[in-house]
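Order of writing sets the chain letters: A, B, C and D. Residues in each chain are counted from 1.
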Amino acid sequence: MHFASDNSGAALPEVLAAITEANDGYAMGYGDDVEMTQVTAKIRKIFEAPEAAVYLVSTGTTANSLALATLCDPWQTIFCTEVAHIHKDECNAPEFYTGGAKLTLAADKDVDKMTPASLRAAIEVEETRGVHGPQRGPVSITQVTEYGTVYTLAELTALCDVAKSYDLPVHLDGARFTNAMVALGCTPAEMTWKAGVDAVSFGGTKNGCMGVEAVIFFDPKHAWEFELRRKRGGHLFSKHRYLSAQMLGYLQDDVWIEAATKANANAAHLAGGLRALGATFKYPPQANMMFVALPRATHKRLLDAGAVYHLWDGTLEGDDAEMVTARLVCDWSLNKEVIDQFLDLAAGK
Amino acid sequence: MHFASDNSGAALPEVLAAITEANDGYAMGYGDDVEMTQVTAKIRKIFEAPEAAVYLVSTGTTANSLALATLCDPWQTIFCTEVAHIHKDECNAPEFYTGGAKLTLAADKDVDKMTPASLRAAIEVEETRGVHGPQRGPVSITQVTEYGTVYTLAELTALCDVAKSYDLPVHLDGARFTNAMVALGCTPAEMTWKAGVDAVSFGGTKNGCMGVEAVIFFDPKHAWEFELRRKRGGHLFSKHRYLSAQMLGYLQDDVWIEAATKANANAAHLAGGLRALGATFKYPPQANMMFVALPRATHKRLLDAGAVYHLWDGTLEGDDAEMVTARLVCDWSLNKEVIDQFLDLAAGK
Amino acid sequence: MHFASDNSGAALPEVLAAITEANDGYAMGYGDDVEMTQVTAKIRKIFEAPEAAVYLVSTGTTANSLALATLCDPWQTIFCTEVAHIHKDECNAPEFYTGGAKLTLAADKDVDKMTPASLRAAIEVEETRGVHGPQRGPVSITQVTEYGTVYTLAELTALCDVAKSYDLPVHLDGARFTNAMVALGCTPAEMTWKAGVDAVSFGGTKNGCMGVEAVIFFDPKHAWEFELRRKRGGHLFSKHRYLSAQMLGYLQDDVWIEAATKANANAAHLAGGLRALGATFKYPPQANMMFVALPRATHKRLLDAGAVYHLWDGTLEGDDAEMVTARLVCDWSLNKEVIDQFLDLAAGK
Amino acid sequence: MHFASDNSGAALPEVLAAITEANDGYAMGYGDDVEMTQVTAKIRKIFEAPEAAVYLVSTGTTANSLALATLCDPWQTIFCTEVAHIHKDECNAPEFYTGGAKLTLAADKDVDKMTPASLRAAIEVEETRGVHGPQRGPVSITQVTEYGTVYTLAELTALCDVAKSYDLPVHLDGARFTNAMVALGCTPAEMTWKAGVDAVSFGGTKNGCMGVEAVIFFDPKHAWEFELRRKRGGHLFSKHRYLSAQMLGYLQDDVWIEAATKANANAAHLAGGLRALGATFKYPPQANMMFVALPRATHKRLLDAGAVYHLWDGTLEGDDAEMVTARLVCDWSLNKEVIDQFLDLAAGK
């Protein structure tokens, strides 16, 4: 009963098999492996972007930071939500990689999404002070959001339109890219460049890889700068084939889509069960993550029984009847039986 | 016949097996995996350093840069050789991670080792200008050197003594740590803290891992700062168990020592064969890497036959009799037959 | 009729005289001038801080950035208001000098002051995420605030108490230090270390110097690091005596206090006159700066007549009756006649 | 008898007069003062560069660092001599402002000048390692050199030609620009853009200003980036007129040229006198600075008599007959009588 994070589960067997297969004989290092050639071709095809520059790194923080540093000058500010991973969970990595850029919060505290209005308002603040204020920089959108909701294509497009109206580039933090894509039933292209996105952190780790994320620039003009930034950040793997192989295993057939489909289905099953118990959600669960309020007594029962997850606000101390919100994340490796066991416990059965 | 680098060969079967074994069920992320507990205990035992702070990262550039940034203020300078990886091959990663420190070259161009005299002279240069010049910072020693030689324990100790006489910390770039250790027939402790080393980049990747390096601080006071630097550099793996498992597989039994022993033996066999053909070496090959001068015609014959390696100075164009130096590196996965095939070709058989 | 800024007026005659006097013969450079010895002694005496480390730089942005960088690690976040100069008006200088620290806004948009509650809430946000979130760093308080109000000693102490309860250092941005001190009728010590402030940007430029600010650390342990940061920031003057002389001229007798007293009196006279005309203020004007709403027609009349000042929100376009807020700043070099002329114009006389 | 540095002497009376004249009434801040308009026009005229972007900062380290940061990416390396101010005397300011670029030494230890051959060799080192090594960046030439010699126009042109053949920009550190220009008897244009220089640190401080240096880019495309870098470095003066006024006073009539002419004449008189005493020079004194070997006994006599200057290598301890090199710098404010007094003392009269 592990719902702590989608980075706690095992890697997909196809990913491990690809690693094993790649571990044969010699391969040139530093991205010149044949597997990487296949990865680039595959991602360009999937994204319908034959010119795209494609790179692999090992963590989401790296993908975000390097992509943003490539798009953002040190005297600029990045627009994002208050709950964005780049703001709250990367120990100032974007500030470090950009050489001291700022992050401007374009959504209120605890709000999952930017809106065109909130984004525009944030951008406007930086308007009229010449050299004195931070200069306007990229917009970074998180999809799936940090609260488990998913921007619709119309919402994404509207945000990108605002950015474009100020001539600002758009970055998509897609740590849970495929979960969002499956939730929307759209194509990778529709969720990115067709909506106006310029660069994507295309996550693999949370959806069944060991540790690999792709960074995709739809305009290849960014390629060489990114390669230099990756190298001096220490993120260019010498035995690069083990990154490539993971991504190859992940993207072959429909492994990546099936994994996200299963994770989302797990979450839907869990959310349905909890809703049936009368539980309420902070935001509508739309992908593989939810924030659900349950009585303290229920949490105690679940955690005592070995369930693993994070309490989001509040602690176990105090009145048993009081509600405390938990974050529950479902990965591909969960199954209906475990979820039902959890729901039974929650129901007090 | 692949002698291009020890990062071109396959990973050790024990490493892959450990990855596979670790891929079972859920594990807490970000270094809280049970495998990491075992790694820390193992490394502390191997190094006879029960208090040491131990961390894993995925590349050598990262290990060096994060270790040095922890030891070096931005207004200081790091002392190293002209051929050091941190100077020539990391695209200014140390300068980036330290926030703009300098590297001072304490050995002449193309020289493999610092000497106490050359180190002392370099340190003295920075002596008398107060706030104006760069301040003296850590000494970084590469062992195995970039030219395939190995500092003796006496040499290491003498360099550390110079550093200590100026109260400067010492970092050891041990990308090929085990190859050096095997060459010297010494213990990890003897080659590090007993000689005066404060922090080590303990390489796994070049000796049979997929991509893992340990950073070891013998004084744990550096632990928290390192953890923060690792995180904001994007180097803290969420599914950290896959780093830990590699290192566990590598360190179990004597896998790591046997791999380096085999690599060194491969190199000795190769060097012996080349020497028998009359070839000369830029520096005495003492571990698993050599720089050997061969006639252009020999290079052409070898490369035409499919041998893979780097020419170090010069090109294939010109007089066939002229000597061109090649870098040849042997990893654990080579074997005597392949080397003999290479030697036969070199001999023109 | 110049109310645009207190950095638009001429320098005090005493400051210019001191420069002229210092321009005699040879002086050792880089802060070793005899004038600096006098400045240090004078500031230590004024602040009743015989151990304080005292430095001079030429701009307020520099004073703030270097002081904060000395107090703040790159992985930390600085707590300040949304309207703070360090956040809005320094083009990311604090982010640059700290090597990529973050600024956390501990007051709502357009709010002049932090409160103990808003500061505590902001600090608490960063509490429970270990290495993932930014670490808590210094608190930076602006006195006079950017909206022309002045923290009382009780307010300052309460904010410092919150900071101290989390073991965080406190920086005071005193670009208008003396205006605040005069407004409060307190001593420099009361407004700083006695309230709990650790480091001060003690402004001279806005109160009649040409370009000099002191940075004062009450704990001299920060001295050497500051000196190195100043040098590598390019802020150590070779002909340092011209910085020292300004500060000497400024601090001799009660020149600095009289200048601020006059500036505040000018502002009080102006505010009184405007209030008599029925004008309203965004915040109560408590030092030498005010934000006053006037009808567009009034602004047009004033600006047409040659008055110089900034409209804070809104423009001159639109209905003449509509109110637009202006920022009016009074420096020491204004006088009652000019202010009365301005008030007559505002009154439509 | 002060020969310690040309930053120890008083400012020119014309500079002080210009400051005093500028201190009249209100002036817009941050470079929008009318004096700056005049400075820009004057410098463009002097340099025959009607499109040049012109900025003022207060120290030479700032001028160099901001100019180089504008020309140099963080992953590049700057080519300079071992004795360059940017390498030895700025506490890593170029590394800081560039965000971690490297400096590559293109001349041997203690050598005053780069040659086309030494520059080309240094550039070639960085050639063939793709993303791994630092990338080639700007060439920075110091004129007057740190050893008091002056590059001829032919030498300057030859260095720029090498840089251009690799498509690298050229920066001129002209802390003693006018001393060099006077020594060569050439125009500012000949010593800069006509020779191939792209950006100049045009020093005022060492030649009689209080603290002002111009940064000049002959291609105005760098203007906006420079303005942002200047601001976030804390180097944009609010009361900017006091920088502008210094430069105006300095450039009016031929004040700047006369000051350098006098400083050089002082040095020539001093060098001639020393040579007549049999003294030898490390390098031929060609501007206003020399490195001269004198017996210890002579140094003792001079210093005892109150002469002020720096010993460059060695100390006063030991055999009186042994030679120790001193650095002697002459500024505009010296005169023949003082020099003759010094020479008499040196002669033992």
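Just so it is clear, contacts are C-beta pairs under 8 Å (C-beta built on N, C-alpha and C of every residue); 3 or more make two chains touch, one makes a residue touch a chain.
What you see is a predicted model, and the numbers here were worked out from it, not measured in a lab.
Participant: Determine, using the mean of C-alpha atoms as each chain's centre, which chain is farthest from chain C.
Facilitator: B
Participant: So using the touch definition from the top, which pair is joined by more C-beta contacts, B-D or C-D?
Facilitator: C-D
Participant: Over half of the residue-numbered contact pairs in common: that is the test. Which of A-B, B-C or B-D passes it against A-C?
Facilitator: So the equivalent interface, with over half the same contact pairs, is B-D.
Participant: Suppose each chain is reduced to the average of its Cα coordinates; what separation in Å results between chain A and chain D?
Facilitator: Computed from C-alpha means, the inter-chain centre distance equals 51 Å.
Participant: Per the centroid of Cα atoms for each chain, what is the distance between chain B and chain D, given in Å?
Facilitator: Here chain B and chain D have centroids separated by 42 Å.
Participant: When the C-alpha atoms of chain C and chain D are each averaged to a single point, how far apart are the two points in Å?
Facilitator: Computed from C-alpha means, the inter-chain centre distance equals 34 Å.
Participant: What are the residues of chain A that contact at least two other chains?
Facilitator: Those would be 74-75, 90-92, 96, 99-100, 131-132, 135, 228, 231-232, 236.
Participant: So in the complex, the part of chain C that touches chain A is made up of which residues?
Facilitator: By the definition above, chain C touches chain A via 74-77, 88-92, 95-96, 98-103, 129, 131-135.
Participant: In their shared complex, at which residues does chain D touch chain C?
Facilitator: Listed in rising order, the residues of chain D that touch chain C are 2, 4-5, 7-11, 16, 19-20, 23-29, 57-62, 65-66, 90-93, 96-97, 205-206, 210-211, 228, 231-239, 242-243, 308.
Participant: Touching chain D in the complex: which residues of chain A?
Facilitator: It comes out as residues 30, 73-75, 99-100, 131-132, 135, 227-232, 236.
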